[in-house]
Every structure is written in C-alpha cells, then in structure tokens.
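Following this line, the structures themselves.
Each of the next two complexes has subunit A plus one more chain, namely subunit B in the first and subunit C in the second.
Coming up: the complex of A and B.
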C-alpha cells in the first residue's frame, strides 16, 4: 500500500471501497422501503395496503395470482393482494428483525465478553462453557426447540429476535473477551488504574473503544444472516405467520404455487437477497477499512 | 499429545452435560405444563394429560426427572415419539443413512469447488476472474437455501427433466439436494481457501522454495495449497452444524426420508419428544465431530501441539 493510502482514515478507505458503494445502493433501496413503505407502495396504481385484499375486482373478475402488469407491478398473490405493496411493506419486518436481533446479540455478547475477559477465573470459565454449548446447537435446531416447544400461540417479532440473539451471542462475546484480555495487560491501562480510574471508566474509555471496530465488523454481516434466518424460520413454519407481512412469510406462501406463479417467490426473494448481500458487502468493506492493525500503521 | 486429547475429551463431556441441563431445563424446567408440551398443545381431555404425566413421570421432583432422562440418554434412549409411539432413537437411526449420504456428498462438492476456486483466484488477485468469483460468493451467501432449492428443482427437474426432483429412487437423487445445500458452504470454503493461500504466499518457507528454483506450479502445489488445506479440518467441524440446519430445509424441499425431513415433519406435527431427542443427538454429533477435527488438526499440524 502506498504512503498516501495508508494515511487515509477509515472513512476515506470505506468511501473508495467498491463493495461499499454497491452495499449503499442495495441497502438504500431496502432502507427507503422500510422507512416509508406507505409512500413507496402508493407509487403504484394498485392499492397500497398490503392487507387490504379482495379476490374479486370491482368488475367481478377474479384477481388472485395475476401475472405482473401495469396495475400490479409484481402481480397479485393467492389472496389477491398487491405483491408490490407486500414486498415494500415486508422490508420493514425483515429489517426490524435483522437489526433488532443483531443489536441484541451484540449487546449481550459484548457485555458477557467484557465481564468474562475483565474478571477472568470461574466467571470466564462459565461464560466460555455456555458459549460452547450454544455454538453446539445449530441455529435452526435451537430455534425449533425454543420457538416450537416453548412458544404458545402466535409468534411475535420480539420472540424471534430473542430466540436468534439467545443463540448467536457467543460470536461478539469471543471478540470482546479476547480484546479485553489483551488491553487489560497494556501499560496505559495499568497507568490509568494507578491514577485511580474506576473499573467502569477503564472499561468504557479504554476497553470498549478498542473492541468496537471488531464487534461492528462482526455484527454487520450478521444482520444479513439474521434476515435470512427469519425467512428460513418462516419457511419451516416456526417463524412469523400470516397476517404478518415479511419476505419469509411471502416466500413460504409462494412455494406451493411456484410452478404456476414463480414471480410470487422471485420478487420477495430478489429483495431478500439484495438486503442480505448488502449487509455482507458492507461487513466486508468495514472489515477491510476498520482493520485495527491498519489503523495503527 | 495424548494428554491434550484426554483434556479435549473431558472438555467435550463437560459441554455435553451442560447442554443436557440447558435443553432439559428449557423443555421441562421453565414455567408451563410439560404434559401440554408433550401433547403438542392440542386440545386434550384432562384424563389424557394425567396419563401423560404418569407415563413420563412428570409429577416427580425435577432433579429426579433429569437423572432419569439423563440415564436414558447415556443408554442411547432418547424417549418416545409422541406422534408415532416409536422410540426416537429408532426413528432417527432409520433416517440417518440418507442424511449421511447427503451431507457427505455436500461436503465433497463444497470443498472440491471451494478449494479449487480459492486457490485459482488467490493466484490472480484483483483480476476480473477474482472479482467475478468473489461476487458470486457474496450472492451465494445471500440466497437462502429454500429459494435455491425451489429454483433448482424447477429448472433441472421439472423443466429440463435432467435429474430426479424428489425421493431417493437412485443415487442421482442426491445430486440436486447436495448441490443446493453446498451453495452456502462453497462460498465460505472459497473465501477461506483464498485468504489462506494469500497469507501463505508471502511466508518465509514459500519464498525459500521459490529462491531455490522450484517451479511456480510445484511451489503452489507442495507449499501453498497443502498448507492452506489444514484449516479445512476445522471448517468441516463447524460446517456440520450449519449443514444440520440446512438439511432440515433441503430434505423438506426434495422430500428425502432423512433426519432433517423427519424433524421438519415433527415440527408440523408438534412432536416435541422427537424434537428434544433430535436436539440432543445433534449436539452429541457436533461435539464428536468437533473433537475429531481437533485431534485431526493436532495430527496434521505439529505446531499446534505446543499450544496450551
């Protein structure tokens, strides 16, 4: 790497990253859908309400599973709902679950990792063993156990977020733990402690800022993974259920009619892939440009 | 070396015991009526619930229940399926050969393709080929397995009639499900192999090999590729967990009578005894494979033996 490039800050490196630009476009589109679904959906001539559906049009003709047309840009689903409106509104649910679960995972993992790395001893041993157990249960299997055995009645997005976060916290916990253990031994932490800084101050001022880049680079593609996981759970019948509007629910609905109406699977699938790919690319870009070792030269 | 293996074995055993506490606690210890859980939360008369409690000893104190359950586990008894009344162990063992075949084929496909693509792209870093392969990897990671399955099944099976779409009538039936399942893993394998190869390219022993006049292909084959393959042992260990998840989806799409298919059905039948038994079986398998991967890594790479 040339001198000029290495002097550039991580923001500059990020802005020049090809993957970052693609990620911005993909996540921009999905983000607009999620923030203002009503506005985007009302652009099309059809009804913009994803739940206001009727099997028959005003002239009495059936309008379920119609192919994409000028009126219904993405066609209509089995209930005669406008697929475009549903795809647009589905973005909010999928992003909500993805971002919510990633945030919860990161917070739980980072806190546990910090405590384990800071305290060491038996607390550390217990956290690590719990992490091993959690990692030993595959995501879908653990979700089946939690959502199908424990949850009664209609499943809510919060239950899905908690289920996913309860299984994925070991990732950020390991990162936070290893960073904490490295930092604690450094002379400047010793100096801070000698100057009378409290544990809280050392953790928030010295440990956390050092752990954050790695944790963020881990959590970003995780959002994509979680959006995919939500749809997989819906597909297996243990995720969100109708009348919730999410891409997973829509794709699950579309499976059985795929032979005649492939577009019902392809449109939500397309945006699902765009969102997941966006977060993976953003994660790669952050990983490349937030690299702690690069930053320190 | 022997001590290390014994220590890993004890660690795995401790993890397994803790897993039994977690799973048992989640299924039977949390508030709620386990009898209703076993009944799959269908509307059942109070008499049936009482019969279930009697049969599964649910009125006993929790620690006693746990010990009985744990004793059964150690003897290979995973309990009885509520839907079919057969022992869970028998159901899973009957379905196992199909899943083993599927997962073995999947691993071969993803590692063969991943290692090849990773080595090639690392050799031409920054080329159009490199960027293209990396882009397809991101795409492969992003497309959910059940979308790949539906599309692949439609094109290769229904439209072009090249391969069987469902069942296990011939060995060819495994090809489509295995390819579907391999889509995510091949992307991870490619990225792993590429970064490994790049890291090894500038190592001292590789530079020495070049300096002593070894041909570029010999350097790549003997010194770079061979060393880059070592982390794949750990990759297989981790991948087993992901494939256990994936096989539930794929076996449902392609209607394979494997373990995943059995579990997918258990979910829709709310056969919780089977789900809990299956979870324990998966944890045991994962720990075993992980242990074997650790031992294999120790055998392959003498440097690891000095650690700890």
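Coming up: the complex of A and C.
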C-alpha cells in the first residue's frame, strides 16, 4: 500500500480544491452555530433562548412577526420568538440529525456490505434482496410509515435518525460490498490468507481501509441529503415537532405566513441550503481527492 | 361515547383545512340543469321575502347595498341559483345528523315542530302554537294542517312520534339521541337492548292525539323543551319512507322532507348535493330556485374556486389567507360570533389541579386577547367566561380569572404552593396544529418555570384520552351549544351527573341551581338561576376559558341578504341572487 506520501497527496489535492474551500466557509459558519448556539445567539440584543417567546413585548405591544430590525436581527416569528436565536439553535438539531443519521447509515451499510461481499453465497443474496426492497420504497413514504406506525407521542431526533438510517443503508452497503468483492480477489489478500492471516485481520487490515475512502466520499454528501430529509419530514409534520427547534419546523411554521412575512422562510431556508451545499461540495472534493483507483492508476 | 363526537364542531372551522385527501371536487362550474318549472312565480316571491327579512340581518346590510351589476358568470337562463361549499356531511338524514355541515342541508329539507329565527328566537314551525300544562310536564303542540312533505303527503303528528321513536331507538344509533332524554320514556327506549327493528318501540311520553295534535310529556318539568325540539334530529319522518332497509338506505341518500327545499337528486358523495325549491312548502318560500352544495375536502380548494369566480359562497377560509381576504373582500367577508367555546380543561380531581388557586393562576397567565388577535387573526374572540356572551342571559362581564395578569398569576401560583416538579402534561389535538396552545405553553414556562409535556393525539383518539377520569393534566377542547341556551353549555359540561363532564367537576350548589332552572315555569324564569350557576363555575374555574368562536366565510358580489346565525348556520333559504 501507499504510505504517508500518498496521504500528503490527497490532503494537498483537497486543500487546493475550490469546492473544499467554499464548503469550509459554509460548514464553518453552520458548525460554529451548532457547537456554541448560546454564545452566537447572545451576540444579538434579543433573548438568546429560542424558547423564550411571547406575543407581547415587555411594554405590552405585540411583537409577533416583526420584520428584521436592530433588536431582532432576523425578525420574530408568529409566536413572538426571536428568529435569529432559533436559526442558530436550529443548526445544532440539523447537524445532529444529519451527522448522526449519516454515521449510522454508513456503519450499518458498511458492515452489511463487508459481510455480504466477504462471505458471498446466501448471505450476500439476502443482503442484496433486502437492499433492493429497501431502495424500492421512496424515502418520504417509508418515513411516514415508520414514524407514524412505530412512534407514539412526541418524536425525538434519535427516532428520526433511526428511521432515515433504516432506509438509506443500501447505499454504503453496495459500495462496501463491491469494493470487498474486488479486493478479496487481489493477490495480496490471497498472499495474506496463505500466510495464515485470520478473516478478521484481512478484513480490518486490508479490506476496510480500501473500502473506507469510497464509503466516506459517499457518506459526506449524504449528511447534506439527510439534513434536507429532516427538514422535509418536519415540514410535512411527521418529523420533529414544536417545541423542538429545527429549520424544518421553522420552515413549516413560516410557510403559512409566507405572504406577509417572507423573511421567516428566508432565514432558515438560507442556512439549510448553506449546510446542504457545504456537505455536497465537501463530498465532491473528497471524492476527487480520495479517488483510490486514480491513485493506484 | 357518541356524545363526545359533537365536540368536533368546537375545533375552529380552520381545522378542516388540515384534513387530508386532496379530492378536488370543483366539478364543472356550469349551472346544474335543474328543472325551471316555476321560475316565473318564484322570481316574484323573491324580492318580497328578501326585504321582509332584511331588517333582521346584521351582516347582510353591507352586502345588499352593493350595486355592482356583477353579471359575469351568472347563469343566462332564468333559474336563480347559487353554489356554496360544505365538507362531506356525516349524514343528511336528520335522525343521523349532529354536525353543522349536514345541518346546512337538512335545515333546508326539513322543518321541525318549532324553529329558530335568524336571531335564534323560538318561532312556530310545523306547530302553529304550543302550551305546557299546569303540571309543567305535558306539552301540547298544535300542528298546521297545511304542512306537507315534498311528495305532497300531509305531515301528521304520527310522523313526529315515529321520528322520535326512531331517534331514540338503539338500533338506529342516532348520534345525538341523548338530546331526547328529558322526554318521558326516551331513556327506556334508548337504553333497551337492540331489537333489530328501527322505530318499533314508541317513546312513552310522545302521543299523537290526532293528526294535528301532538303531546310530549317530560320526565320532570323542563322549560327548555321547545328549544331542544328545534334540533334537526326532531324533524318529522313518515314511517313509510323508511320501513324497509332499501327504503331507509335511499332515504339516507335522498331524504323526503317538509322544508322549503327538496332534493334535486341523490347525494353525490364527495361531489355535491343540489336542492330545489319545494312547491308544497306552505311557509315562506326559499328565495332562490335552487342551491348547489359543493363538497370540498379542503377549505383551501373551495377558497381557490371562490377566487376563480366558480363558487358563490365559500364557508371557512384557510387561516393564512384571512388577512389578505379581509382587505380584498371587505364587507363580503363575514365574521359571525357563534355559540362556541374553546377551552383548556382541568382534571379537577387530580392534584395539583384540585386546587382552585392553581387553576386560576394558570388561567391568569393566558393572554386570550393576543391569541385571538395575533394567532387567529381576530377570527376568534377572547373568552370572557365559560358561556359565549351572545348566549341569552350569559354574563357579559369578564370573569375574575379570565384576564391576562402575569403579576397576579405569579403571586397566586406561589401562594398556592406551585406545581410539584415544575412539570405538567398538556393534551393537544394534533389535527389543528399547536399554534393556539404555544402562547399558553410559553407563558406558563416564562411565568412559572413550568416544563410542559405536550401529548398530541388525533381527534378520535384524543376524545378517548381526555374522557372523564382519564387525563392527568390540562386538555384543550371545545363546546358548541346544541340549542341557543346557557343550559346547553352549563348542564352537559359542568353538572356532576353529566357523562361529558370531563373535569370531574362537582358542586352541589351548582347542581341545585340547574335543577331550579329546569323546573322553572318557563325559560325566562329559569334564566337567573343559570346566570348564578355560571358565576359559580367561573369562580371554581374547572377550565380555562380561551376563545369564543366566529364563523367565517366569503360571498360573491351577486349574493344578497346573506345571513349566518350564531349557531354557525348559514341561512341559505334567505339568500338572494342579484342581477
């Protein structure tokens, strides 16, 4: 295998990638929101608590659906909550679900793909059939089904993560499987086997490291897709609910008052697009930089 | 269980917009080819009727002043007609109906013994006059000899006796059957084992003395009986119309009634219902020749059709459109206060809600005015008490703990010892969104530091979760009167014997006052007791009065003399078409 030299190569390639630089900026902003929402939100003069909402200001006047101003940078929503505080806090929920679901999807998919690709035979057949069936169900339809049947009462981020991962695992599974199938036939694996290496050792030392770049290149834009999926589900009323603060919930609230208060849709929408674009660009950049085949070429 | 269903009416009409299925039933916009049999004679009727009723309308004044010759889209033939949106009714058989969508149709097809005028005063219906005996128990109704069904058959006392027996019969399972309970013998019929045959067991207290005399005996003196009898379930039904299963099924689709209009054809489910003026009706004839009910599953779809000029009356508006619609349509947007109360109830036998001070503190933290104005764009009124102020005799002053007073709320909450664990469960009807509850939750969180766990259920399940004895925390619900009387609020909601008293509320003084109101010689004499009873409830506060309802709708420029009564019923028989 190639050593430290090649790692420098892909890091170097990544650093020079234009998409990567844009992604860094976008994800940097969203990331700071998500890591320290309280600190960011307290920069504005309004309350930094996204749940501190009141239809009336302290002087008794109404303060719902106010246009952006010096006090409320992003305006206020229908319940009189500060929109800036909510957008900032919403970043954490979105990233939490996006990253969590992507990680779970990747882990499940990779493990199943490795097993299927390594063992072949009936295990492979079962995993592939399951993957086909799962892919046949549209994400939104499947989510409605799972969330409405399995979840009683208030839906939590964990339930959303599980629901999404349960439907998206075939992606990484297929990649992991095909990489595994290719690698097990390579001479050095046979050599390792001949030298008496255990299955476990071969998989962890030879197969996994080779499958991983492709899986990561797949999983990164997936984070963006999943952030969008969370918003879609919340918008449709089957994702997170009030009082959870998420961009999807905010967009859902805003769409009914769009005609009079378009800014309520604009701000969560803007950051949602930024986050999704950030992960897709990053995924692109990683895909270009980590291309294993190219490197071996 | 059945009784709870009518609570569904209490969810502001806005809710319907949230219901699913996008069955776009806009259908063809052309005027239905109903027979133009008596067009000429009816046209001459129309102006006279219109002007006769004009004075009693608060809402219609402005619309009828408009002189726009909006002839665009008006049918070119001389049959006057208009279209109005409804949701798919639960039933248009009067015995099976208990909601306002079906009532819109049934009230045109049927006339009850006594009726309510647009101001909801009791006026003669089929009965020309009535009186109660000295014992206060036996009521005698003299029926008009001119009353006939739309097929020409005379309406006789037996038709009422049969309709009552049918409504009481457990085989028929009338959803509003409980309304007959004050009548002697009703409970015996409705509580009996189902026999398999409908209407076979007469109600003991109802006697057809002769064709035109009906006596009704009540279990105990019940001054409100005439008002109860205005309910659509008490419409006459001839036994012949429903004596076989096939005929009963046909009757459910195309009822034969005795009202100002008759069915033009069977009910087209999820599409529409068309009615035409009945030539046999002896009372004041309907103004237009025919009325087309278009069935919509979503208010938004109906409103789009209205905007496109394809619908004359859109009942209900999508909440997000209300502000724009107010500016666009001005007087043609009708907002009518109705007899609906939306509230947050307490399980008064569950700690800490058994403490009246806790209940009052939670109520004082609710900014009703802001919720009605800002969240509901003034389509609801802030509630001043437990009975809508347009109900005759209701206290119109704002009750002590029905104001928004954060300071007092805090002080009262603390002196009452607060709520252990600083956390409560709040029940939410998921169908209508949570926008109306959020300000309450936010306010409780801010003032008391309360952590509110919201439990959301769809309406059908919600009713089970919040049935008497079930809820462990405050729950949102609503109530609409069955007939315009304080009694129709106070008795079912708060009497200790009522099985829809979900609060577990019991106050002997209150019960005694209601008994006095029931046994008063007439409705007027009973009113002061009801007013006193209201004051007791508002002091005990087993619920947080939230908002009073308003009916909302828009009408095209061609409509005149549009009137919605406080029962949220559009008086369609009075509406005229200009041009």
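Criterion: the second predicted complex is superposed on the first by the 288 of 297 C-alpha atoms of A that agree within 3 Å, B and C clash if a C-alpha of one lies under 4 Å from a C-alpha of the other, contacts with A are read in each partner's own complex, and residues count from 1 in each chain.
Quick note on the criterion: a residue touches a chain if its C-beta (ideal position, glycine included) is under 8 Å from a C-beta of that chain, and two chains touch if they have at least 3 such contacts.
Note that this is a predicted model, so its numbers are computed, not measured.
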| item | value |
| --- | --- |
| Contacts of A:154 with subunit B and subunit C, given as first, second, both or neither | second |
| Larger contact residue set on subunit A - subunit B or subunit C | B |
| Partner chain in contact with A:260 - subunit B first, subunit C second, else both or neither | second |
| Partner chain in contact with A:243 - subunit B first, subunit C second, else both or neither | second |
| First, second, both or neither for A:188, with subunit B first and subunit C second | neither |
| Residues on subunit A lying within both footprints (that of subunit B and that of subunit C) | 258-259 |
| Complex contacts: residues of subunit A adjacent to subunit C | 51-56, 62, 64-65, 78-80, 153-154, 241-243, 256-260 |
| Subunit A to subunit B touching residues, read off their complex | 19, 129-130, 132-133, 135-142, 144-146, 148-150, 152, 224, 228, 231-232, 235-238, 251, 255, 258-259, 262, 265, 269, 272-274, 276-277, 280-281, 284 |
| Contacting residues of subunit B [partner subunit A, same complex] | 11, 14-15, 18-19, 22-23, 26-27, 30, 32, 37, 41, 138-139, 141-147, 150, 154, 158, 241-242, 244-246, 248-249, 252, 263-264, 267-268, 270, 272, 275-276, 278-279, 282-283, 286-287, 290 |
| Interfacial residue positions of subunit C with respect to subunit A in the complex | 319-320, 323-324, 367, 370-371, 373-375, 434-435, 438-439, 441-443, 445-446, 453-456 |
